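One chain, chain A, links the two complexes that follow: it is found with chain B in the first and with chain C in the second.
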Partner chain A sequence: MSDAKFIVSHAPYVHDGSSIAARHYQVLLALVPAAAAGVLQWGQPALAVICLAVGSAIAWELGFTRLARQRPSIGNGSAALIGMTLAMLLPATVPWWLVVTGTFLAVIIGKQIFGGIGANPFNPVVVAMAILGLSWPRLMDFDAMLLAYDPGFAMIEPLTAVKAFGAATAEQFGCLDLFFGRQAGAIGAPFGIWLVLGGLYLTVCGVVRWQIPAAFIAGVFVTATAFHMADPARYAGAGFHLLTGYTLIGAFFLATEDSSSPVNFWAMLIYGFVGGLMTVLIRNIGAYPEGVIYAVMIINVINPLVDKIRPRALGKVT
Partner chain B sequence: MAPKKELQLGYALAIVLIVVGVLSFAGYSAKIPDPPLRMIYHTNAGKVLFDHQTHLAADRYGLACADCHHHPEGEDNTMACGACHGGPERHEAIAETCNECHDPDFYDLADVSKRSDAFHDQCIGCHRQFDAGPVECSACHVL
Partner chain C sequence: MFRRSLFRSSPPRFTYQRLQDVSHRVLPVASRMVMFCDHPLTRRDRLRIQVGDAVRTGQKIVPFTDSDACVLAPGTGTIQGIDAFEGNFGSRWTRIDLAVASEDVWDTALAQALDSVDRQTLNAWMGQLPGALPVGALRSPRRAIETLVIAATETDLGTVTAQYVLRHRSRYLARGIDLLRAVSGARRTLLAVNRDTVQGLGHLHAEPVAVADHYPSAAPALMVQQILGRTVPVDSTLERLGICIVPVEAAAALGQSLGEKRPCLDKTLTVTAKDGRQTLVTVRVGTPVGFICQTLGIELGDGDRLIAGGPMAGTALYTLDYPVLPDTHSLMVQDASQVVRVGDDPCINCGECIRICPAQVPVNMLVRFLEAGQYAEAADLYDLMACVDCGLCSYVCTARIPIFQYIRLAKHELALSAAAEAEDV
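The block that comes next holds the complex of A and B.
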């Protein structure tokens, strides 16, 4: 990337003394426990997906910067983080070409064509997941992709089961089991315990501000509770929605992506809450059992608008 | 970390991870066990996830293979259902009629239903017989 000009966006800014690369590597570090749990549960295929996703994401970024005659930007860790986050959302048995296509979509289509790091209006991983899900739905279907596994718990994807067969199906999934990742799902997304701990680590470090994940979780909780109270036979409760699918990885790692999320206090709360609300709306009355990907895309769209809700400038005369 | 060191870290990560990833994909894959644990059928009425293991396990339904897989004598009793119950749509690219390839004396072609009919008859029939298991469309088919 050319450094001839240093373009500064408008205030406000958050200073924590760290660098972009340090922030990205901290997020990567926060994802490592969930990734390790995924490899332990799903075995060597999960490791293959994680390695190829991170490696190919860096390769795509390097290739693009070479082609565009820009300075290599792979050192800032953005591409590696994109690859790692994408791997956390994929089934362990996806074919290699889908992983490479996914990282291409995320790095090139989701980020670089918008101008690179800091210029992408959507979370690049979410863009890639949306395209992959629409293009190869059977390869993104956990029920179809995990037929080789018998890990000792119910191997039906919980959100799909509840959407198809009603809320009573949720009773076969214990909350603790779901929280510890004992559910059919992606490589890293089911492991709520490690995602929450990773997210809290990032919050304490100042990489993630608490308002977005807290509001996202509150949005899921309030909306799912309202649906459940209206029709308990059809809609599962808030605990189920919080611990299944991409909810926790969405709250801590997808909705909080730097470029596509707001920075003002009330804006972050609104952004996060709408994300949680849309997640449950899509799950309960939409066409898809999982709603986090599209919910995050929607809040990415409203991000510039809600971020206009900012404190009044000191001494401003209207 | 200095930018040069960050760049070197990026190169090293990419090379190591791509090599490990390619080797892992080439050397290891999740093999579907035989007999299968679960089977998924993608149909016009949505997908159906069939729990093969539950039907087979001695502490669950404890079915024998031949209870469901009914093949001619001497045939491999684990052959895929669709090998016979393919129906015209499975073979129409190969031949116009069954008798072009199959010996009509070997079995009565009229008895060989297409796969969806065979599955519906088999599954629903057994569930009704033992008053256990789903019989409604929406209890198996996930749209």
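The block that comes next holds the complex of A and C.
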């Protein structure tokens, strides 16, 4: 008995069992319903994009860690999650090379060159989407890309329609239709119902900090309502803005990315609210019909600053 | 107890364990004892003792000619070895092994010292009594003690030692408290207890005050905030505020020493076996932990973890020879399968630590500075010194970063550099 070799380590000697991998797989799980709905609605091309995005994201990360002679990190699920989230934002019919380029931008440019997981100042998926949107605007245009589809509802992207033809166009989209994903859009982003359920699941599990999506949605609601009240003919109401484009996936899955979002209570509320506000500002008075991507980039930038708003530590005077 | 369920939107809350259904055993005196003297052993040191010397139970041993660091002999026998011992953070001790040969023969040299104790006669050896009396703080000529706090609260999770002492040794405790009141000259004497034990303490000449029962409410800075409504500034100490915290067992041991006219050597500790089964044992200070495990029938194998202290802030041991020290309130054994390894992933900024930190330390930012070894910046910008050493941040860390160890190391390094600067000046 006396020659047994014990494990010597430091306190504490207990752990709650959480891990980075478990956290990322939980987020992946929360995206599965929206992804499944996307595959049902857009068919086999959507499935191909999802598989290619997840697979290529993992491959990029593996390749990078090999090249940089780092310990392989694909097991923590971060790359798979990036691929999955990116796929949720793309039209189902994008060419394969755009998907592979997108995951390269997200994994390598968005994350690895900053030092890998935890070090990225921006949400990697948002970085990739911003670059893709600027570089290949026609391939990211839902109206052009989804011409072949005739699912039995108006196949015109709601935000673009409102931007071009005014708020009256919004009336042709029923709120319930929009919420259940009966709208032209990306693979996963239109399915509000499944995104909200997935987001709530993550909130209950403590993966998503509720303050961020709540404040984001409040920001969209308040700003859109203000615009709508100022000029009902030009600006659509809050319900429309909440249920179209990337609003819900942005609130629950993009703005909440750990590394690029704040952790203190008031900071999270400000961060989320500014995100919602910027989204509507860009949509209503900016050049683009959709504002979530740039709004999230902007709040990622202000994150280090707002996260300085924190409670005073114990025993800290002034 | 320590794993959390999948659904956890709120941070976990741990409550200090209650003294219920824990049996108590008095263990026999071990045949080998180990004394740790808080002084490094070097070749140049001249020693007053040598291998083969006979010692008697309760004898005050002062091993070094140039230091008054001392230990109390836990048994009657002969000294078998004197070695250097290195502890955590490079702390260096002198280890004295004792072969206990016969029945106890009590040394009487300290009996006289126990006749009348006042501030002047408070001696270093009293710090060796079970519970570890803070002799330095009580004797400090610089600061008067205004408030004396007898802490009958537990120091960690999974221990019931303080509650046991409060309930079962109250006669000695009363005497110890009276003495400490007189010695310290404190205007207020408080007895900090857990909420449900405030009743039935009237015979103790101390004002019972309740401390919240969730961990780490009994950490000194948090306790003072609760019971005195005062915040300890990060650049100050309890001593400077005139507050002295005395563990309840130290007060009881002092009272017992006075009553029996010989030093009390019996330490009570909570032992948690691999299966979570708990036993309170009373042993002599200096009993090797291996003896306790053997007597209680706890089998130990490769890869197990043996912890002196509790699960949140204890010390993992590498040898069964490690003795019960005056401040060892619990002993915990973990099976190899229960050991969670730390990770080497960076912080992903999930914010779990922020939500659980009882001192509102921005742990997510702090750990970035600590990993880079920028300790001074960590203290200046990110409230390193506000930390109350509870270990909860490491417990919830998704990336399994040993945050608590980083914090301890940083505090240790800062203390070293502060000491070096003081020497230069």
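By definition in this document, the second predicted complex is superposed on the first by the 301 of 318 C-alpha atoms of A that agree within 3 Å, B and C clash if a C-alpha of one lies under 4 Å from a C-alpha of the other, contacts with A are read in each partner's own complex, and residues count from 1 in each chain.
As a convention for this text, a residue touches a chain if its C-beta (ideal position, glycine included) is under 8 Å from a C-beta of that chain, and two chains touch if they have at least 3 such contacts.
This structure is a prediction, so every number in the text was calculated from the model and none was measured.
By the touch criterion defined above, A:Ser56 lies against chain B but remains apart from chain C after alignment on the C-alpha atoms of chain A.
Contacts of A:Ala144 after superposition on the shared chain: chain B is touched, whereas chain C is not. Residue contacts after overlaying the shared chain place A:Met297 against neither chain B nor chain C. By the document's definition of touching, of the two partners only chain B reaches A:Ala92; chain C does not. In the superposition on chain A, A:Lys316 makes contact with chain C only, while chain B stays out of contact range. Of the two partner chains, chain C is the only one that A:Val263 touches; chain B does not reach it. In the superposition on chain A, A:Asn76 makes contact with both chain B and chain C. By the touch criterion defined above, A:Thr160 reaches chain B but does not reach chain C. Overlap of the chain B and chain C interfaces on chain A comprises residues 19, 76.
On chain B, the positions that touch chain A within their shared complex are 1, 3, 5-11, 13-22, 24-25, 28-33, 36-40, 42, 47, 49, 53, 138-139, 142-143. Within the complex formed with chain A, the chain C residues making contact are 2-4, 6-10, 12, 221-222, 225, 231-234, 236, 290, 294, 299-307, 309, 311-318, 320, 332, 334, 336, 339-340, 342-352, 354-355, 358-362, 364, 383, 385-386, 388, 391-392, 394-400, 402, 404-405, 408.
Chain A makes touch with chain C in their complex at residues 1-2, 4-20, 23, 71, 76, 115-119, 203-206, 209-210, 258-259, 261, 263-264, 310-317.
Those residues of chain A whose C-beta lies close enough to touch chain B in the complex are 19, 21-22, 42-45, 47-56, 58-59, 62, 72, 74-77, 79-80, 92-93, 96, 99, 138, 141, 143-144, 147-150, 155-156, 160, 164-165.
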